[in-house]
Amino acid sequence: MPSSGASRVNEFLHQLASGLALGGVYAIMALALVMIYQATQLVNFAQGEMAMFSTYFAWKLTDLGWPYWRAFAVTVVVSFLGGIALERIVVRPFAKAPVLASVIVFIGLSLIFNALAGWLYGYSTTDFPTPFDGRPWFGQRYMSAHESGSVLVSLVVLALVWAFFRFTPLGLAMRAAAQNPTSSRLVGIRVGWMLAIGWGLAAAIGAIAGMMAAPIVYLDPNMMAGILLYAFAGAVLGGIDNPFGAAFGGFAVGVVENLMGAYVVGSEVKLSVALAIIVGVLVWRPSGLFGRRIVARV
Amino acid sequence: MTGTAPRTLLTLALFAAALAFPFLASGYHIYQGAQVLILAIALIGLNLLTGYNGQISLGHGAFFAIGGYGAAILTVKLGVPYFLAIPLASLVCFGAGFLFGFPALRFGGLYLALATFALAVATPQILAYKGFDAVTGGSSGVTLIKPRAPFGLPLSADQWLYLVCLACAAILYFAARNLVTSRIGRALVALRDQPIAAETMGVDAALYKTTCFGVSALYAGVAGGLSALAVGFVSPESFGLSLSLSFLVGIVVGGLASLGGMLFGALFIEFVPNLADQLSVTFGESAKALPGAIYGVLLILAMAIMPGGVAGALRSALRWASKTK
Amino acid sequence: MSALLEVSGLDAYYGPIQALFGLDFVVEEGGVTALLGANGAGKTTTLRALSGLIRRQGDIRLGGRAIVGLSTEAVARLGVAHVPDGRGTFTDLTVEENLRLGAYVRRDRAEVRRDFDRVFGYFPRLAERRKQQAGTLSGGEQQMLAISRALLMRPKLLMLDEPSFGLAPMIVQEIFRILAAINRDEGVSMLIVEQNASLALDLADHAVLIETGRAAMSGAAHMLRADDAVRRAYLGY
């Protein structure tokens, strides 16, 4: 197929832009995973389905006629509280259980959220609104308004999370609790609550990821399986104990996935790119690009 | 052990009942019976890995798929008879499992769960890959012909296939039983519970774990191959994440580190979705949510109150009964 | 003097194993009590039991209030600052962040700022290293950081577990001099576990000798110092 050099460059830039847009979603999902990992050395396999469920909640609100940003804000708050409740009620009893039991509980949670969404909202694919419609931003042609907005939202979330952990006493206490629970309790930090708040934040961030992804991948109960996988890949690539490494990894995976899909393996098998990244990184550089080391919790 | 004689009797009685079943039940029920046996084989395999050796796999559907596609391709495209195709396909699975076991050694625990989860999610896409269309049939899959009973035996195809499954299940069950009660089995359990101590006592962790992965995949492969014959069809969507997760549900409900319990696990994951299908006739689409909901709740409940699954509950009930006697 | 901490009949357990058997002692308001004894006698265990880090029963009263059923966090919030063995440094955080954690539960910001200046007065070296990662400090500096973190809690009772452990003699001297000053000038009561019995007895007014989880002897510090058996076994002369 004859195509001019310019249009090939355009096509490449377009793919790159789409990769960045979804990469932002992966980045903040990876950040949510890291938040729980740092505190418990566990990966929450239910994170994706929790985010999907939050997204349905937001959809319900907009469907009732709520303005987008109000639905967005309420969803984030409700997800935060839901995450806390989930930690206190379901996850807490397994705090001292072996990894296998925790993984099984997380899988159980993900099945429950998937079933709940299917039961409440049905299994058909639905459109999800975006607040960023209209013409592409800044007069460029490579990135739709929603894609630009989504990247912006991801970056804002990253900045807010960074500021929260860096500058607020609660953020400091959460870092302390994750690092040294005993010393934290000795200065009066309620470590159990810090874990619960971590779950709440992860759920809230996941909700944002879901709401940014849904206009692109459409809303259905299985929408997050692939996204969670890419977020895993991003977290593993960047270093699962390093929030900003993981976020970088998320963006990188988004770009790599899109370019590989467009030029190398074909878009139908893009998920295997994530599989290859996960296995490859774990084999050759288990700590990821920016992680410190993997502490084996056998 | 005092429990040995009754246990042998129970096993024989179950086997006799299973043998009689295809001559008493109707066609569809025989097919379902075969499915239960097939799932039990896969669950025994996964339980060797997860229950006994403590390696988490969320992606055994992939090995099930290799067995299924292997059997389909060998019989349909290459004309290999099914009784050779299944062993061959399961050997391929052993190889695949063994090879996957190598990187798995380095991950351990959580990371293995991550990697196998990725495998489970990616499997349907890989199976549907256009580049393999000629062999795998792409997204439409491969259709198989159900084998007939040999030597002019007066058995329907369903009955014959059921008996083949029963024979495979029985052989693989006893093989697994022997494996876990042997020195090797004890080493596998030791690597699960006391990895460092086991290694210092001279257990070659790498060899045992990768081999365990291979054997586990082989079981999944046999099950996948038999399933392809029983269903008469393989396609990418049947080997997705939900299949892998239902295996996990099966071993947890049946009982981690139990072999007999896998029959319960298999019955469970065969009939719960079935029940949901029947309910959806009356209750509509929302009944589709039922299996997932039941699975999820049971996984969590099992971990909270019944970590031994059905097998563990039965065992403690028997112990309680014999004490109160 | 009235008693700030009264402990009577304290039992403690590591899982199923009992480690303390009916321990009795007091820390006077503004006083210093030293826990002496050999390795494994139960000194660290006693501090852990008081902080609620391990299962314990008996009667523990802080200013007359029973605290035996309380969580570690709650005990800390009542004004018990426990400097654990190994110093409990938050190694990935900066020196300043470690100190801010000490003041985590306080709301009196102006006072906290004054307390920062006060601990930097005691340990000027920490002021120089405010922005440094705490894990990169020397052992002595980490001990100073741990004591400072505890002081920022504005504690009624400061519990110190082996503050001299692994430190050069000069640093130990300095730390004990400052501890004495803190006790004298600010009236902070202390419960101190120390291998170096001579140092501890210099600082303390009361002392308890623990052997295999039981109080073998207790009383005024000068009394224990004068005891022949204590002298031979723990003071080494």
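Brief remarks on what is shown
Residue numbering begins at 1 within each chain, and the chains themselves are lettered A, B and C in the order written.
Heads up, the rule we're going with is that a residue touches a chain if its C-beta (ideal position, glycine included) is under 8 Å from a C-beta of that chain, and two chains touch if they have at least 3 such contacts.
Just so you know, these numbers come straight off a predicted model, no measurement behind them.
Placing every chain at the mean of its C-alpha atoms, the farthest one from chain B is found to be C.
Think of the whole protein's Cα atoms as having one middle point; the chain whose own Cα middle lies nearest to it is A. Interface comparison, A-B versus A-C: the higher number of contacting C-beta pairs is recorded for A-B.
Measuring from the averaged C-alpha position of chain B to that of chain C gives a distance of 57 Å.
Taking each chain's centre as the average of its CA atoms, chain A and chain B sit 32 Å apart. The geometric centre of chain A is 44 Å away from that of chain C, both derived from CA atoms. Touching chain A in their complex are the following residues of chain C: 51, 53, 71-73, 76-77, 81-82, 84, 88-93, 97, 100-102, 104-105, 149, 153. Note for the complex: chain A touches chain B at residues 41-43, 45, 90, 93-94, 97, 99-101, 103-105, 107-116, 118-119, 122-123, 225-226, 229, 232-233, 236, 266, 268-272, 274-275, 278-279, 282-283, 286, 294, 296-298. Touching chain A in their complex are the following residues of chain B: 50, 54, 56, 58, 103, 106-111, 113-115, 117-119, 121-122, 125-126, 128-131, 195, 241, 245, 248, 252, 256, 285-286, 288-293, 295-300, 302-304, 307. Touching chain C in their complex are the following residues of chain A: 169, 172-173, 175-176, 179-180, 182-191.
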